[in-house]
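In what comes next, chain A is part of two complexes: it sits with chain B in the first one and with chain C in the second one.
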Partner chain A sequence: MKNISLGFILFFLSINIFAQNNGEIHGDFDLNMQSYIEDATINAVAADEIIRNNSFLNIIFTKNNFSAGLRYESYLNALLDYDDDFKGNGIPYRFATYSIEGLEVTAGNFYEQFGSGLIFRSYEEKGLGIDNAMDGIRLKYKLLKGISLKTFIGKSRTYFTYADGIFRGIDGEIDLNETLELQSKTRYIFGGSFISRYQQRNNPVFELPQNVGLYAGRLNIINGGWNYYGEYAYKINDPVNSIQEDAVNYASGNAFTSSLTFSKRGFGITGEIHRADNMLLLSDRDRIGKAYIMNYIPTLSKPHAYTLLALYPCATQAMGELGVQLDIFYKIKKGSLLGGKYGTKLNLNFSRINGLNNGNSFKNDLTNHEPILISFKGEELYFADINLEVNKKVNKRIRYNFVIANQTYNKDFLEGKTPGEYGVINSTIGVLDLSYKIKKGHTLRMEVQTLIAKQLETASKKEEGDWVMALAEYTISPNWFFTIQDMYNYGNDDESKRLHYININFGFLKGANRFSIGYGKKREGIFCVGGVCKLVPSSNGLNLNITSSF
Partner chain B sequence: MKQLSIILIATFLNVGTIFSQERSLPNIDVKTLDGATFNIQDLENENNPIVISFWATWCKPCKKELNNIAEIYEDWQDETGVKVVAISIDDTRSMSKVAPYVNSSDWEYEIYLDSNSDLKRALGVSSVPHTFLINSEGKIVWQHKGYIDGDEDELYEQIQAISK
Partner chain C sequence: MKKIIYSLFLLSIISSCEVIEGPYMTGNGGGVDTNSSQYVKNILIEDFTGHLCQNCPDAARELEAIHDLYGSQIIGLALHVGSTFARPYPLSQPKFTYDFRTKWGEELDGFFNISDAGLPKGMINRIDYPGDHRKNKGQWLASVQQELDKEVVFGLNINSSFDGNNSIIDISTDALKDISGDYKLVVCLTENEITNWQKDGVIEDENYIHNHVLRSLITSAWGDDVSLSTNISNGESYTHNYSVNLADLENFNIDYSNNTLFQGNGESGGWNQNNISILAYIYDNSNYEILQVEYASLATN
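And then the complex of A and B:
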């Protein structure tokens, strides 16, 4: 891989020499440094290195329809919330791409998503430490007006190497209105995709499929404020590599997602349902873990931005779940009693995710189970959330955001605990976020959050109990911010664990540069983006973050 | 070998300085709210300035920025002819909330979806909000990371400086 990187760099240099005009170079830089000090009260450990650092630099060169780029990444050593396998320095990402007359050719690394991602998504999420960029060849072609094709072959990145599986994929999409030049007010878009993973079989007992295929079909109908999206996906059997007969599962997998949206001025509503059964696609059948997941089934729950609302986040169960979600957005008009001078915005959100009827599809010589299609009643509840958000500008100086929520979190299941260890946690959360403009450019913002938790069943272990959090932030536009916050686990049954987690942050922003420095304790917890989660260990120390873009 | 790579990158950056410092929009497709494909290089505003703001429905400061601008957007348009383009990086998880949020908030912006972050990556946006200002020749002349209350005043000064 390093040889290739070098080749790419030489290639860039030669471009520079031969084409001295019109080219553009830009990119961005990110540095995250953290010191780790021991704090036995919160189980924070000191790192041997004292300081750990994750950094990267992206460089992209473009000239007319050509572009090439690379990313230098440095983990010396990786922050404790990253997988240890991110280790050392390297150029794990480099690409060259050009497009001519509707054909786009990419060699090297690329990110790709087919449809909503049910059968394939290659993406990066720095916050989670996920980067499953493909390395190979990708072609995109605009065949006719409204018809586009994508195809690729490649291997997926895991840390500084590539997983065993070779992926081949093709995706086609047709926008009927553009292709047939329909004058209809309703737009119809159809799409279909196919993915195949090759991995050599090496099981001495069972004949595992070497080529695992997945396909999906999708439909999008749009008319004015209405929008319907539906996608169905199927995966052939992809058993785990085990020699134990009862562990081998020859069942196929399937998933669907469906959403209906309506919106008009001042009002919007979205209803969604999805179901996944045995639908995990890994880049290597012998590995487990988020670094190997190659399809994307996001959780059907609201991504919360406030700390206590995200204390118990939901992780998608691609092996088997059924979820529904409803969102209503409404703006109470200006000048009305409840709307005030500026109007009041409301967002009601409801989501509920449960298991499939007796678990996911399972098939071998001993078992043959296929769950019924739609079943809510009597199924194991994984997660539920009902919340209301009120956003209001009171006058020129004061604005607030108020959220009230009730969440149910199946800790045993979602965190892989033994049944009966913690059981199901129900929490009621309130958030008030108030901004006060002191004078031009100067704003004081305060947050108060509270979480009251109860364990719904008798369990062998006690959960952390109630929390309260307060935050004060002072900002001076356009350059400065200062934040202090405290999270306090006042309701912990164990008095020695009624701890404060205090954090202070100070930052400077100017144009394309941002510097921030912080000090404090972080609670051990689960951090999720899109239903993909990682465990963040507790820590105590100083952190420095610099981001820059040019 | 590693040292060599670093030296080469450094050289490459040095050589880069002889390039024009102007920056154009990349050749990347995004989606409109009604499902059509749109190449971001086709953005135009009759030679008036364009503001591109990257945001997401789950990003509080992003929504604050765009809501604050929404209140004074008419004045900005009257005085400078500026157009605000809001690019959502919501992925499949929250993409279906974009249209209801935008419409219920009365935003008059042009909205595009960048659901697998292709445009975000091509423009070197590491986190949202991130705002770019585009001049009449389609070149990026100013950018800003993050949003704190009152930042729209600085943005407006920049818009005024380039509007005719």
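And then the complex of A and C:
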């Protein structure tokens, strides 16, 4: 890989020299440094290195229909919430792409997603420490008006290497109205995709499929304020390379997602259902862990940004779950009694996710189980969330956001504990976020949050109990901000764990550069983006973040 | 023309998948040719585990299944390590009070950085160090197959005389080709058939049988030199002699649990000398890869 990277750099330089007048180079840089000191009260460990650092620099050259780019990444050593296989420096991402007469050719690394990702999603999410970029060839072609195709072949990245499996994929999409030049008010978009993974394995006892295929079909119908999206996906048998007769699973997998939205000015409603059964696609059938996951089941619960609302987040279970969500948005008109001078925005959201009837599909010489298609009652509850958000601008100086929520979180299941260890936690959370504009350019923002928790059944261990959190942020735009926050676990059953997690943060922004420095304690917890989660260890230390772009 | 070529390309992609119809079990492995030499390539699976680790018994069963398939060429070693899954409950508790951990298990775990990455994990002859040496059970079979194809460069013989607590152990190493490098011999004791608590999926099993549990190392964790010279000729043989006292070794573990290990409680005794085995291996000190391993019962060898 080193030689290839070097080649790309030379290529770049030569392009730059010959095309200085009409090509463009852009880039962005990010540095995340953290010190770790021991703090026995929160189980935080010191880093042998004292400080650790994650950084990257993206450079992209563009000229007309051509672009090429690379990303240099440095983990010396990776922050503790990253997998420690991210280690050292390298250029794990480099690509060149051009398009001509409807054909786009990409060589090198690329990210790709088919449909909503049920059968394939190659993406990066720095917050989670996930990057499964493809390395190979991708072609996109506009076949006819409204018909587009894309195909690729490649291997997927894990850390600084590539996983064993070779992926081949094709995706086609037809915008019927465009293709047939329909004048209809209703718009129909169909899509279909196929993925195949090749991984050679020579199991002496079981016959394993060397090529594992997945396919999916999707439909999007749009009419005025109405929007329907549905997608169904299927995976053929994909057993692990084991020789234990009861561990090998030859069942196929499937998933669907279906949502209907109606929206008009000041009002929106979305109903959604999804189900996944044995639908985990890995880039290497022998491996486990999020670094090898190559498909994505979109999350059903509302992604929360406030700390205590996200204290017990929902991780999507590609191996088996059934969930529903209802989301209603309404804006009370301005000038009305409740709307006030600027109007009031309301958002009610409900989601509920449970397991499949007796678990996911399982099939081998000893068993053959297929769960009931739709079954809510009596199934193991994974997660439920009902919340109401009120967003209001009171006057020119004051605006607030108020959230009240009730969440049910199956800690044993979602965190892989033994059943009966913590059981299911129900928490009621209130958040008030108030902004006050003191004078031009000076804003004070305050958050007060509270979480009251109870364990729904008797369990062998006590969960953390009740929390409060307060935050104050002072912004002098456009250059400065200062934040102080405290999370206090006042309701912990264990008195020695009634701890404060104080964080202070100070930042300076100027133009394209942003610097921030902070100090504080982090609680051990689960952090999720879009239903994909990671465990964040507790820590105590100083952090420095720099971002910049050109 | 371009569209036709493109369509053909698409078709070729779509045809690439295989649905398998049952019965799925098609072979019994067929065994491995063991006639070519006096020695065959044996493979050590170091299974890093813990009695509080609910997924660990699945890995132990995978090890047993691989052993059943390839027979005595597969040698298992269970190392209970770390302060999360292997720590014992306090003696006041009714279960999980036994401390399976050892000084050497902790040392190897620390060096190879295993339990930090989550258990169960295994090493197959310690190949792919550093980086990919920590393998989850799904990788074991493919790694074992890869190792079985390798040339056998050392032979190992274990002889022991057992007299109650005191035993004499002789390990002889035979070079099967001219070889140069820094090779180390490690000798340890394991115990089979220890019945004690284990979390197994959703069950807490009081009668779980723990096999090939690491009890003690007779050498250091990093072993003794196979030969004083870095060049070893084909046919050269060295014998290493060790004498051990089981009661002393057992007491050492009890003291170590009491005094050194995280939340140790001294419950590390109760050894059954009839179930103790000797496990010896040779590794290449340049990359830690284990080149040969042998195993024999202490009392009945």
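Operating definition for what follows: the second predicted complex is superposed on the first by the 550 of 550 C-alpha atoms of A that agree within 3 Å, B and C clash if a C-alpha of one lies under 4 Å from a C-alpha of the other, contacts with A are read in each partner's own complex, and residues count from 1 in each chain.
Going forward, contacts are C-beta pairs under 8 Å (C-beta built on N, C-alpha and C of every residue); 3 or more make two chains touch, one makes a residue touch a chain.
Bear in mind the structure is a predicted one, so any value in this text is a computation, not a measurement.
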Q) Are chain B and chain C a fit on chain A, or do they clash, once the structures share the same frame? A) fit
Q. Should A:Ile546 be classified as contacting the first partner (chain B), the second (chain C), both, or neither?
A. neither
Q: Would you check which partner chain A:Ser196 touches, where first means chain B only, second means chain C only, and both and neither mean what they say?
A: second
Q | Of chain C and chain B, partner touching more chain A residues | A | B
Q. In the superposed arrangement, does A:Tyr141 touch chain B (first), chain C (second), both or neither?
A. second
Q: For A:Ser67, select first, second, both or neither according to whether it touches chain B, chain C, the two together, or no partner.
A: first
Q. Where does A:Ile484 make contact in the superposed view: on chain B (first), on chain C (second), on both, or on neither?
A. neither
Q. What is the contact status of A:Asp28 with respect to chain B (first) and chain C (second): first, second, both, or neither?
A. first
Q: Measure off the angle at the C-alpha centre of chain A toward the C-alpha centres of chain B and chain C in the combined model, and quote it in steps of 10°.
A: 140
(Q) Please give the nearest C-alpha separation between chain B and chain C in the three-chain superposition, to the whole Å. (A) 20
**Q.** Common interface positions of chain A, toward chain B and toward chain C
**A.** none
Q: Show which residues of chain A lie in contact with chain C when the two form their complex.
A: 84-85, 87, 141, 143, 149, 151, 168-170, 194, 196, 198, 201-213, 236-237, 239-245, 247-248, 250, 252, 285-288, 363-365, 418-419
Q | Interfacial residue positions of chain C with respect to chain A in the complex | A | 3, 6, 9-10, 13-14, 16-20, 22-30, 54, 58, 61-62, 65-66, 69, 113, 116-117, 131, 136-139, 141-142, 145, 199, 202, 204
Q | chain A-touching residues of chain B, taken from the complex the two chains share | A | 1-2, 4-5, 8-9, 11-13, 15-16, 18-20, 22-24, 26-27, 33-37, 57-60, 71, 91-94, 96-97, 99-106, 115-118, 121-127, 130, 142-146, 148-151, 153-154
Q: Would you tell me which residues of chain A are touching chain B in their complex?
A: 2, 5-6, 9-10, 12-13, 16-17, 20-28, 30, 58-62, 65, 67, 72, 89-91, 99, 111-113, 116-117, 121, 123-124, 126, 148, 175, 178, 187, 189, 220, 222, 225, 227, 229, 257, 259, 261-270, 272, 296, 298-299, 302-305, 327, 329-331, 342-343, 345, 347, 401, 435, 437, 440-443, 445, 475-478, 481, 509, 511-514, 530-531, 547, 549-550
